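Chain lettering (A, B, C and D) follows the sequence in which the chains are written, and residue indices restart at 1 in each chain.
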Amino acid sequence: MAEFDLVVRNGEVATGYGLARCDIGVKDGRIVALAERIAGGERVLDAGGRLVLPGGVDSHCHIAQPEPAGFVHEESFVTASRSAFAGGTTSVVCFIPQFKGGGVWEQFTAYRAAASEAMADYAFHQIVTDPRPEILERELPAVIAEGVRSLKVFLTYDPLHLTDAQYLAVLALARREGCLVTVHCENHDAIRWRIAALKAAGLTAPKYHAWARPPVVEREATHRAIALAELVDQPIQVFHVSCAEAAEEIARARARGVKVWGETCPQYLVLTAADMDRPGFEGAKFMCSPSPRSVEEQGRVWQMIRQGVLDVVSSDHCGFSYGTPDGKRMNGEDDFSVVPNGIPGLGSRLPILFSEGVSKGRITVEEFVRLSAANPANLMGLAPRKGRIAVGADADLVLWDAERRVTITNALLQHAIDYTPYEGLEVTGWPVCTIRRGEVVMQDGRVQAAPGSGRYLPRGRYALVAPRGVVPDGFDAARL
Amino acid sequence: MAEFDLVVRNGEVATGYGLARCDIGVKDGRIVALAERIAGGERVLDAGGRLVLPGGVDSHCHIAQPEPAGFVHEESFVTASRSAFAGGTTSVVCFIPQFKGGGVWEQFTAYRAAASEAMADYAFHQIVTDPRPEILERELPAVIAEGVRSLKVFLTYDPLHLTDAQYLAVLALARREGCLVTVHCENHDAIRWRIAALKAAGLTAPKYHAWARPPVVEREATHRAIALAELVDQPIQVFHVSCAEAAEEIARARARGVKVWGETCPQYLVLTAADMDRPGFEGAKFMCSPSPRSVEEQGRVWQMIRQGVLDVVSSDHCGFSYGTPDGKRMNGEDDFSVVPNGIPGLGSRLPILFSEGVSKGRITVEEFVRLSAANPANLMGLAPRKGRIAVGADADLVLWDAERRVTITNALLQHAIDYTPYEGLEVTGWPVCTIRRGEVVMQDGRVQAAPGSGRYLPRGRYALVAPRGVVPDGFDAARL
Amino acid sequence: MAEFDLVVRNGEVATGYGLARCDIGVKDGRIVALAERIAGGERVLDAGGRLVLPGGVDSHCHIAQPEPAGFVHEESFVTASRSAFAGGTTSVVCFIPQFKGGGVWEQFTAYRAAASEAMADYAFHQIVTDPRPEILERELPAVIAEGVRSLKVFLTYDPLHLTDAQYLAVLALARREGCLVTVHCENHDAIRWRIAALKAAGLTAPKYHAWARPPVVEREATHRAIALAELVDQPIQVFHVSCAEAAEEIARARARGVKVWGETCPQYLVLTAADMDRPGFEGAKFMCSPSPRSVEEQGRVWQMIRQGVLDVVSSDHCGFSYGTPDGKRMNGEDDFSVVPNGIPGLGSRLPILFSEGVSKGRITVEEFVRLSAANPANLMGLAPRKGRIAVGADADLVLWDAERRVTITNALLQHAIDYTPYEGLEVTGWPVCTIRRGEVVMQDGRVQAAPGSGRYLPRGRYALVAPRGVVPDGFDAARL
Amino acid sequence: MAEFDLVVRNGEVATGYGLARCDIGVKDGRIVALAERIAGGERVLDAGGRLVLPGGVDSHCHIAQPEPAGFVHEESFVTASRSAFAGGTTSVVCFIPQFKGGGVWEQFTAYRAAASEAMADYAFHQIVTDPRPEILERELPAVIAEGVRSLKVFLTYDPLHLTDAQYLAVLALARREGCLVTVHCENHDAIRWRIAALKAAGLTAPKYHAWARPPVVEREATHRAIALAELVDQPIQVFHVSCAEAAEEIARARARGVKVWGETCPQYLVLTAADMDRPGFEGAKFMCSPSPRSVEEQGRVWQMIRQGVLDVVSSDHCGFSYGTPDGKRMNGEDDFSVVPNGIPGLGSRLPILFSEGVSKGRITVEEFVRLSAANPANLMGLAPRKGRIAVGADADLVLWDAERRVTITNALLQHAIDYTPYEGLEVTGWPVCTIRRGEVVMQDGRVQAAPGSGRYLPRGRYALVAPRGVVPDGFDAARL
C-alpha cells in the first residue's frame, strides 16, 4: 500500500510565508507531508515549477437559492461546482433563504438536500429576513448548531431588508451564539426615494441603476451597520464594498477597536458604472448591488485592499441569465428597477484577481492567497481544514500557470448562465489543474467530478483573521 | 545513514497559516520535511505539544559596536549570542559604524572579523554618518555588494546625525543599489535646544531625558524622514517608534502609497518615562531614545501594532552596563545628557512580546511570529532562509512553553550587562529549547554552542512584506 | 421732538469686528446711529464702560408647546419671556407641534395665538412628525409662507420620530421651499433596545438614562442625517451635539462641502452623566437628550466650538418642573424611561456660556456674540434685524457686567419651573440691563414689559453663516 | 466748522455682521459715526448703493526691499502705494531685511527712512536670517519695541534660510517678546537636491521651477515649522500656502490646539504650473515660490479657505520686472534656478479675490472682507485701527462696484513692473474709489496722494483672530 495517494511534485508552493519549492504528499484527502522530495505516491502530478496554491474559498455565492416570487437562480449546485473547479475554487459558502413569515429550519433542511448534489465542498450562511421571537429563540440556534455560523442580513431590498431593531436583535443573537454577522449595506429608503424620482422622470434604462444607489447610500448603511454592531460588541463583515468612502468607515472603526471586516469583489475592480450605459438592455449584464463605480474608485478600492481594510475578495456570484424570462429579462421589462441584481462570477474570480493583482504588480502571490482563500476560510471558521496548504489541511490545491494569457469567454467559465460580464477581458495567469481533497477534479479545463462528491462543511466559531491584528483586548463574543 | 539529522516531534508548529500539529524533519541544517509523522532521525526531540516557532530574528541590535570616543558596548558577539539563544533568537542584524571623516569598507572588514566569534547567525546594517562622494560612489557600493543591504541613518545624536541634504544623498544611493534605509527619527536641534534649557535650569537628573525629547520631536523627524523618502521614492523603515503620533505619520504615508515600515520595541510596551524617575541615578537604567512614554501611550502603540502600522518588534539592544565606568556612569557624571542611551533587550524581547501580546490576548501566535521573525526576515532580505518554518528554510526553531510563568532576572538573560530594565517583570510563556540550523544551542536555559559557529548572512535585496499589502503599483526601486 | 428715543452711552460695543467704544442711538425701536458721541436722546442710559452686546437669540426653546398625551410644558410665553429677559435674551425660536394624524396649519394658528402674550420676540420652527402627502403639498407650504422657515424632525422619540423615507420627504420639501431642516439625532431603535435591556435587568434609576443612549447612538444618527441631506443637497442643522464623535461627523461632512451646521447647549459644557447619579429621583433634574457626558467630553466639545464645527449655543429650554405631577414626576414613577426629557435653560444660557467661555479664556467676546446671537440669527433668517449691533438692526441690547460674580439660584432665573440644573453654579459675568427694540425690559433683575409686547418674527430664507465660509460652489437650494 | 470732514452716503456698508445700508461720518481721518442718515459733511460722497468695504490690508508685500547682491525690487514705495490704491488696498506690511553677518537695527532705520515716501500706510515684518546672540538679545528687542511685531523666517533660499536651531531661537525670542513669527515653508535641501538633478539633466526651462519644489517639499517644511512652534508654544503664520496637503497640516495642528494660521495668495487660486510652460522665457512671469500648482489644487485651496484653515489672502507682491537686467532676466540667463522668485500682485489682489470668490459664489462679501482686511489686521496687531469699518477705526474705505466687468491689463494696476501675470484675466467687481484716513486717494482709477502722506503703523501685540475660535485654554505667549 502506497504511503501517499497523491504526490504533487516540483511546485512553487504557497505556504503562508511566501513560496517554497517542495513536494506535497496527500493521504485520505488531506495533506500529510510537505518535503523537499517525496518519493512514491499512488498518483504523481508534476507541477513543473508552477505555482501550487490552496483551492479558492468563495465565501459569498448565491447558488440554487430559492427566491421569493418571480426570479430564479438558474445555476444548480452541479453547474456551479463545475464553474468553481474550472476557476480554481474548491469551497463555496452559499445562502439559506428565509422568507418573511417563514421559518429557517425548514429552509436549512431543504437547502442542504439541494446542495447534496454539489461537487465543490460547501458551507452556508443563514439569511435572516424575519427575526421573530421563535426564529431567534429556537430555529436559528438549531440551524447554527448544525454548523451554519454566520447570519446574513440585508439593509436594503424590498422583501429582505431589516429595520434597525431587527438588525439589533440579530446582532444580539449572534453574540450569544458565537456567529459572525454579514451585512449588505445600502440605505433602503434612500434607494427607493431615488428610484421613485428616476421613474417619475422616465429614466429607467439600465444605467440608472447606478444613479439610484450612489456611494453615499452605501457609506450611510455601512456606518450604521458598524455603529450598531459596535453598540452590541458583535463582529460583522461588510459584504461587497464598492467604494473608498464605505471602506473608510471600516478603517475608522478598526482604529477604534471595532471588530469589523470588509469584503470586495472583482466587479468593483474591473467594471464601472459606464458598462451599464450600453445600447438597449445590454447594460443589465453588469447590474449588481452596490453598483460598479468608476476607474478612479477601482484604484481607491485597491488601496484599501493593500492597507488590509478589505481583506476578502469573493464573487457574490448570482445565477441570473441575460436573455431568459427567468433572468435579467424577468418580466420582459426594460425598467432597471425590476431587473434582478447580481452577476455570475464564481469561475472568473480567481483569474481576474490574480491578473489584476499579482500580474499587474499590485499584490504578491501570498496576498492573493490570503484574499481569496486563507482569509475567508479563517473568518468563516473553515480553518484549519480549508484555505491553506499545511500539514493536516484538506488537500484542496490548484496548479496555477502564472504566465498563461487567456481571453475570458463565457464558455471557459462552464457555468449555466448565458453570459459573463467579463467577456473579452484578457487575463494573465490561469488555473490548469484543480484538486479537491486529493482528487483531480479539473485538468486543463476538463472538469471531472461525480455529482454529490462535495461535502457539507459544518463550521466552527469564526476565527479572527490574525495577520490583520484586529483581535481587541479581552474580546469575548459570548459575553452579552 | 539517517534520512534526517534531527526530527522534532509532536509540536504545534507555526506554519504561516496558523498552527499545525506536525513533525519537522531537518537535514544539513535545513528543514526538509513537515509531516504528520516522521519516522527515524539521528536525533529526536519531542516537543510534547508545545509551540514550535521560528527562531527569532532581531533586526536591530548593537553588539560590540565600535563607538566614537568614550563609550563602549560591553557585550561581545559571544555574550550576545548567549543571550539571544537564551531568549529564543537565532539571527541578529547589527551595525557597522562609520565615523565622520572615516571610511566604511575598513569598518566593514573589521566588524566582520569581530563578528566571526558569534554563535548566532548575523547580518549587518551599515551606519552612514559621513556620505562624502567617495563613500557614496565607491565604498558603500562595495559594502552593499557584500550583502549589507540596509543603510542606517540618524537624524539626531551629535557625532552621527545627517543633514537633510546628506540624508537625501543616502536615499538616492539606496535607491540605485536596491537597499533599504532605516532611520532613527528625532529632531536633533530641538533636542539640543531642550537639553540646553534643562541644563540652564539645573535639571539634569535621569528623568529629564524624557523631557528633552517629547513625542513632537519624534513626530517631526518621522514626518520629515518619510517626506524626503517620498520625494526620492525610496523605501524606509522607521526604527523604534515610541508613540502613536509618530506611528500615525507612517499610517498616513501608507495610505498615500508611500513605502514605509515601522518598528517598535518592548521598551515602548512595558516601560514608561516614570521609570526614569527613581532615586539617585537608578533611572539611567531605563534611558533609551526615543524615551519610554506613558501607560496610555503603550496602549496606543499596541493599537498601531494591531492595525499593522508597526510590523516589526526588535530589541534595539545596547550593551551599556549600569555601574561601570564604561557604561551608563561613563564619566561618573549624573547629568542625563551625557549618559549613553540604550538598554539591553536581546534576551528579553521574545518573552516580553509573547507575554504582553499573546498571553494577554492582544495578538495571536501567528502575529507574534510575524512581528518577531517573519516580518524582519522578509524586510531585511533574509527570507526565505530565515524567519519561517517552511521546507527549505534554515532549521532555526524555538520550542516555546506558552504556560510557563517566569519572573525576569538579569541572570536568566545571560548577557554581559550588569542589569536588565525588566528585572522583576513577570511573564507567561518562555523558550525552553533553541535550535540553530538544526543544532540544539539552548536547552532549559543551558546554552551550548561553539564560538564562531554563527554564520554571516549576506542579504539579498529587501523583500516587501507581503501580508501588509503595501507594494505600490509599478514599484521600481532602481528607477531613479 | 428728540432725534433719538434712546441713547446708550459709553459702552464697549460688540460690533462684529471686536469691541468699539461708542454711543448707540435708537429710534423707533431700531439702531439708527453708532457714533463716538451722540448728544441728546429722549432717554439716556450710561453703560459706564460695560459691554454692550446684541440681545441673545435662543434658536431652540420649547415654550408652552402642546405635547401629546400626558406631559405638559409648564412655562407660558409670559414666564419664558421673563426668564429670557432676566438672562439677556430678547428673541426666541420655539416649536409648533404636529401630532401623528393631525395637521400643521391648525397647530400653527393655535400656537401663534398662544404666543401672542409673549414679551420676547418670537419665531417658530415647525415640527414634522407625519409628512403625509397633503401635509407636504399643502399645509407645510402654507405655514412656511407665514415665515416659519425651518422644519424640525426627530430621529428618535416614540410618537415623534420619522423613518428615513419620511425624513427624505421632508428634506426634499425643504429644498423646494428654501427652508432649513433641524434634526434631533439619536438612533431610535438602538435606544429602545437599550431601554428594554436595562428594564429587563431592573435598572431604572435616573442615571440609566445615560446608559440608554451612549455617544455611538448619537453619532450613528448624526452621520445618517447628514448622509441623507447630502443625497438631497439640503442644508441641515444638527441640534444639541453632546459629544466629539458626533461633532466629528459634522466636521468631516463640511470638509466634503456638505451644508451642515452644528448646535450645542450649556448642558453639554457644564453637566455630566454623573449628575444623574444622585440619591433618589434627584437625578431626573439633569435628564435631557442627548445625555450629558463626561468632563473630558466637555473639553472636546469646547474644541469643536473653537474650530467652528459647533457654531450655535442654544438652551433647548424645556418647561418640566421637578416635583409636580405634570413634570418630571409625571406618573409618580421613578423609571427613567418614562420621565420627560428636557431641562430649563433659557435664563441661564448666556451667563453660563459667557462665564465658561469668555471669563475662563476659552473664547473671545466676539465669539460669544456669534455663538449666542449672530450665528443663530443668520442661520434662522432673522438677520439683519436680529443678532447684531448695526445700523438698521432692531435695538435689542444687553448691558453686560463682565466682572460680576453670581451664584446661580432658581429665583434669579425667573422662570415658572421649580428648579434649575445649575443651582449653585458660580459664574463670572452677568446681564444688568436688557433692551428689546429700544425698550428697557430688564434692569438689575427687574423685568418690566407688557404681556403681548413681543412680536412675531416672520423669517426669510436662511442665510448661510458667512464667517465659517461654508457656502459651496453653485449652491442652489431650490434646484431639485 | 462742519461736524464731519467727509460723509459717505448710501453705501451697502460691510460692518462685520454683514452689510448694512448706512452713511459713514469721518472726522480727522477716523470713522466717528455710522448712521441711517448723516447730514452735512465738508465733503460728501454718494456711494449710490455700492459696496463700501474697509480698505484692503495686504500683510505680505515686498516693496523696495534691499536684497543681497544682484537682484532688485524695482517698485518704490511711491509706485507700490499707487498700485495699492488703484486696487483698493490702503495698508501694507513690508519686510525689513537682515543680511547674514549684518544687523537689524541699521536695516530698520534705513528701511523706515525709505518708506517715508509712501502714500499707503505701512507696517513692517523683520526678516531674520542670522539670529546671533547680539541680534536676539539686543537688536531684535529694540526693533520690536518700535512696533515691528512679527519676525519673518525662511526655511529655504540660499542666503536666507535658517537651520532648525536658528528657527527655534527665533521662536523662543518671539515668545518672550510677544511677536508673531511668519514662515516661508519649503525644505531647502530637498529643493537644492532637485535643482541639481534637473540641471544635471539639462532641464532648466522656467517650467522646471515647479518640478524643483513639488507639494511634498512644502508639506514637509510646514509640518516641521508647526512642530517646532508647538514645542515652543509660539504662534506662527504659515505664509503663502499653495496646496491642500500643506493646509492639511495646519488643520491637523489646530485640531490639536496649536496656534497656527495659514495664508494663501491669488496666484494659488488662478495660476497653475502650466503657466510656466510657455514658449521661451515667458514662463518666468509666473515664477514664484511655492510654485502655482494645478486647477484641481486651486479647488482644494478654496475648500481650505472655506473651512477657515486659510484665513488671510495676501499678495506676496514682488517687484521683479520681466524684461529688465535687474528683474527676471537678471543675468540674461534662462536657467530657472537663477531667476528671482516672486510676482507683482498688490493691485490685482482684491479684484481677483472678489471676482473668483464673491462673484463666483464661493464666499460672501463678509468673508471677502475678513480674508483681505479684517483677519490680516487682527493677526498683525493693526486692529482696531485697520481692517474694519467701525466707529473709532481709521477711515480707510473702498467703494466697490460689484457688477463692473474688467479685463485686467498691466496699465490698470499702475505699478512700476512691466507685466502682470494676470494680463487678460476677466474679473467681475472693481474698486471705484479708495479713501485713506478720510482722504480720497483714488477715484475711477486716478490716484491722487502726496508722496510721504502714508504713515508708519507701529503695531501692538498680535491679536488672535477671534471668529476662528482658536484661542486655546490658558494661552500665554509670554510664559516661556
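Rule of thumb we're sticking to: a contact is a pair of C-beta atoms (placed from the backbone, for glycine too) under 8 Å apart; a residue touches a chain by one contact, two chains touch by 3 or more.
On a predicted model such as this, the values are computed, not experimentally measured, just so you know.
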Where chain A and chain B overlap in contact partners, by chain label: none
Between chain A and chain D, the fewest steps along chains that touch one another: 2
Centre-to-centre distance between chain C and chain A (centres being mean Cα positions), rounded to whole Å: 50
Rounded Å distance between chain B and chain C, as computed from the means of their C-alpha atoms: 58
CA centroid of chain C to CA centroid of chain D, Å: 39
Every chain pair meeting the contact rule: A-B, A-C, B-D, C-D
In the complex with chain D, residue positions of chain B that touch it: 163-165, 168-169, 172, 187-190, 192-194, 214, 216-217, 219-220, 223-224, 227-228, 230-231
Of chain B, residues touching chain A in the complex: 13, 15-22, 25, 32-37, 254-255, 257, 302-303, 305-308, 360-364, 366-367, 370, 374, 378, 383-384, 387-393, 463-464, 466-475
